[in-house]
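Letters A, B, C and D name the chains as they come in the text, with residue numbers starting at 1 for each one.
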Amino acid sequence: MRHSDRVLALLAGGLLLLAASGLDAGLRRQAAVAELRQQRATVQALELTDLCLFTEARYTRHLSQADLHTPFQDHPLAFDHFPSGSLVSPPLRRE
Amino acid sequence: MQHYLARQRYLIDYTVASLLRHRSKNLGLLLVYTLVVFMLASVMLFTHSLRQEAEQLLSAAPEIVLQRLLAGRQELVPASYLEQMGRIRGVSERHGRLWGYYYDPVVRANYTVLVPRDRPLAADEIVVGAGLARSRGLGHGDFLSLRASDGRPVAFRVADTLAADSELISADLILMAEASFRDLFAIPAGYYTDLALSVRNPREVRTVAEKLTLALPDTRPILRSEILRTYATLFSWRQGIVLVLLAGALLAFVIFAWDKASGLSAEERREIGILKAVGWETADVIGMKFWEGALISLGAFLLGYLLAYLHVFYLDAGLFEPVLKGWAVLYPSFHPVPFIDGLQVATLFFFTVFPYTVATIIPIWRAATTDPDAVMR
Amino acid sequence: MIELHEVKKAFNQGRPNEFWAIRGVSLTIERQRVTVFKGPSGSGKTTLLSMIGSLSRPTAGRILLDGRPISGLPERFATQVRRDTFGFVFQQFHLIKGLSVLENVMLPAYPSGRDHRSLKQAAQALLERFDLAARASSRAEWLSGGEAQRAAICRALINQPQVLIADEPTANLDSALAQSFLTIVGELVAEGKTVLLTSHDPAVFGSPQVDRVVEVHAGRLLESG
Amino acid sequence: MLLNPAILALLGASAVASLLLLLAAGFALSVVRHWDISSGSERQLELERRTYLIATLLAYVFVAQLVALLLFVYTAESLSGQFVGAMCATGVLNVNGWGWPTLYLKIALFFAGAVWLMLNRLDNQGYDYPLVRVKYLLLLAIVPLGLAESVSQTLFFTQMNPDVITSCCGALFTPEGEGVAAELAGVAPRSALLALYGASTLLLLSGGWLLWRRSGAVWFAAAALATFSAALVAIVSAIALYIYEHPHHHCPFCILKAGYDYVGYWLYLPLFGATAFALGVGVLHPWRHIPSLRQAAAADIRRYTLLSLLLLLAFHLVAARAIWNSHLTMSGVWW
């Protein structure tokens, strides 16, 4: 077997797997539809406004409800001392 | 066309043979490259999936949340505001929300305490989120004691836990009755945390918000579209930050690739000389070298991407958990739903394959223009 | 027929270490003959041969192949001429290490993109003819000197060139192997090939297979024989 | 400035492309100044080697630009969620004054690059490289285009202000509005489609004439440009409406969305391809009498003409299919 055939077959296999991953994503998304709908219902019922990703501080737990300069709300020189502060951008909002 | 393809196959033949001869060196390169792609792809897939999920879930959030600001801080809203705002056309429903935070010194975590509107609870009953239940070891019928604002302990019976599959939104929630909430935090009757308004027609939301700020100048409306926008920018911003950080790694890798491509050994130089002497043209050598780069970068891209896919969606992005957890004690356990879009994959491809190939153009050209008669000298 | 008109070649032109390796050579080489360029090392015979084989371009003068000028061609086209017309056997054989003998033989035909199966068959037939079929799949660096030279000849013949060019072909061989090389040359000429050699080995230019000896000295010709 | 991976990729790519272009221009300059094909001097050999580098660099730039053009539109599309008032790429391009110029420059660069590569391919088939000066002068003309594109794109992305309320396709592409976009939308669908079919017929006829009589390449290229503009107008004023099945939704970008089966790509790719090939024919044709190129030029011109006509056909088939399958019926209103 020629080298090129072997390598092209490998690449084709990789591309096939890439396509398979897309297919798999679609299937899993489909499977998650019910769950997502359930969660949406919870959001609606409880009137939630934020994801529960960073629970350490008020301004990271409810990002969208925080004040514009939240990290400094306790004191103008107060440092943002929670690590997620480095991951979360300051709230962007039109005043 | 056929001739062109046949020629490319021959060039690949030669490239593969020459890659195989320096197996360990090229395998090392492939490995490092795959790792770089894997990290980038993991971040992209994970944040994109979170962003999509946020968008889907939070599109059910209240259309307008009205906060009252007092000296720049959020303050309780008197119920009278609901009357004061007057009749605003388009607002189909308005009511006060009661929610707040509770710091639990036992596990040093912040909980979100919330009064549900459509779920009647007895005064001593609470419903807790699955994450909280896990970290405090609570089950149905257990008791949780919370300290009221005046210092006395109040015991609540866990009537229910929220579904585990909704942890992404509800891991740290405690739901309780309105009376218990007011009692626990000493919030006088007639005051709410904020107000929620529903607006039927999405086109009217902005006008409603403008009218609200006019009618109630000390309030601030937060629109649903702003919430969605906050999350959209949050995640792409984060992706960007991680990319900027990883760009260093990428740059180092590109320099490595450049160095590898330009630091041709005497042996390789001699080989190219031989190829040219026996009838290969500069363009053939460039094509051959191009395939070398293309095979390595394509291979690394496919491998890295597929590994990242497995990592994020089958292993629940295990490697990122510590990063996301930060100092948070309550971390939701959730399975990201695979939202993938072509832009993500195309960007990733651009980010990883393009710099590598560009970095090697000039070294390749240098090597390919070796004099064909060099072998005769 | 190959004609050279006042061919000159300079190295490092315009710099202080400028050096004229060929200082004006005019020559006609007939088809189906064995022509040997003889001369001491540094006399310019290899440079001359590389210009005839379109490996390098003369600084001045013209080289014609069957009446068609080939010396002024840019590399892209010179390579085509070289690939189709000339086959090279180098002094060090220059087989590529790590590739099998068969792959080495097929190498010059890669850019032409010809059908893989027929190419492989042609290569195998050549190996068979030169008694190398058994070594087809062994690596090039495992061959003995004589085998390596025969493999190099196979490689030179894979594109069916009219002209075979060999640079000091017997320098790395013992006399028995040198003799068998000359026999092969004789066979090739009988088949219609033109052969150009450089050598300073009396066993070569004294051999009955050689039709003409051209002596090169300090970049000029001193024809004899 | 939004720190978004796709934006970073685009900025990086166009910076790299500009760098490569500048590099190529530097080499091209020395080639134009010292080129002498008849010389066998070492400098000439060096220059000939440089042509390989320049061609490789340009091929990379062109491919990168092609991908970047798609990525740019796609990114603009995906950013629409982050701007108040933006529903699709139109809104995002309107966020500041650099959006549209960037898009136009990218398109111009695409055509210029395609034409250059075709010219280069032809020249490489002539043993005396007869077009060397022409193509490198053309390259020097492309460089400012590339730099302008890079600068404009950088300004576009860095000056993006998420607080600006932008006007999107709903506001922009309305017949009542002002500006070019509004005028495009205001063109009666009937005359737009008629113009498109008229221009396409001209293109077909001039292509046929070119294949048959080997002349009139200028007309062919001109007809292609006319068809290109007519097609863009027709997409905005009529074809898109059929795809959206909405009589007032004029937008050239929303058709790229997944919701419309990405039909936009199937429309734009053949259209751009057909135009690029036709322009290439127009540029190659004047050189067909150079002796060393005669054969190659005839073959290339023939090939590109056929490709251009085939792609044109593909465009029309996709457009016709979109109209045919649409549930929008305007027969009483437009026809």
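Convention: contacts are C-beta pairs under 8 Å (C-beta built on N, C-alpha and C of every residue); 3 or more make two chains touch, one makes a residue touch a chain.
Keep in mind that this is a model prediction, so the values were computed, not measured.
Averaging the CA coordinates per chain and comparing them to the mean over all protein CA atoms picks out D as nearest.
In terms of C-beta pairs in contact, the better-connected of the chain pairs B-C and A-B is A-B. Look at where the CA atoms of subunit B average out and do the same for subunit C: the two points lie 63 Å apart. Separation between the centroids of subunit A and subunit B, computed from CA atoms only, is 3 Å. Mean C-alpha positions place subunit C and subunit D at a centre distance of 50 Å. Look at where the CA atoms of subunit A average out and do the same for subunit C: the two points lie 66 Å apart. Those residues of subunit C in touch with two or more other chains are numbered 75-76, 116.
For subunit B, the set of residues that touch two or more other chains comprises 9-10, 13, 17, 229, 233, 237, 241, 282-283. Each of the following residues of subunit A touches two or more other chains: 2, 92, 94.
Within the complex formed with subunit B, the subunit D residues making contact are 2-9, 12-13, 16, 20, 49, 52-53, 56-57, 60, 64, 67, 70-71, 74-75, 78, 81-82, 84, 162. The touching residues of subunit B, counted against subunit A in their complex, run 9-10, 12-13, 16-17, 20, 50, 53-54, 56-62, 65, 67, 69, 72-74, 97, 101, 109-110, 112, 114, 116-119, 129, 131, 162-163, 165-173, 175, 194, 196, 220, 222, 226-227, 229-231, 233-234, 237-238, 241, 295, 298-299, 302-303, 305-306, 309, 313, 323-324, 326-332, 337-340. Of all the residues in subunit D, the ones that touch subunit C in their complex are 37-38, 40-42, 45, 48-49, 124, 127-129. Across the interface of their complex, subunit D is touched by residues 12-14, 57-60, 71-77 of subunit C.
Here subunit C touches subunit B in the complex through residues 46-47, 49-50, 55-56, 75-76, 79-80, 82-83, 88, 90, 92, 94, 96-99, 103, 107-116, 155-156, 159, 167, going by the rule given at the top.
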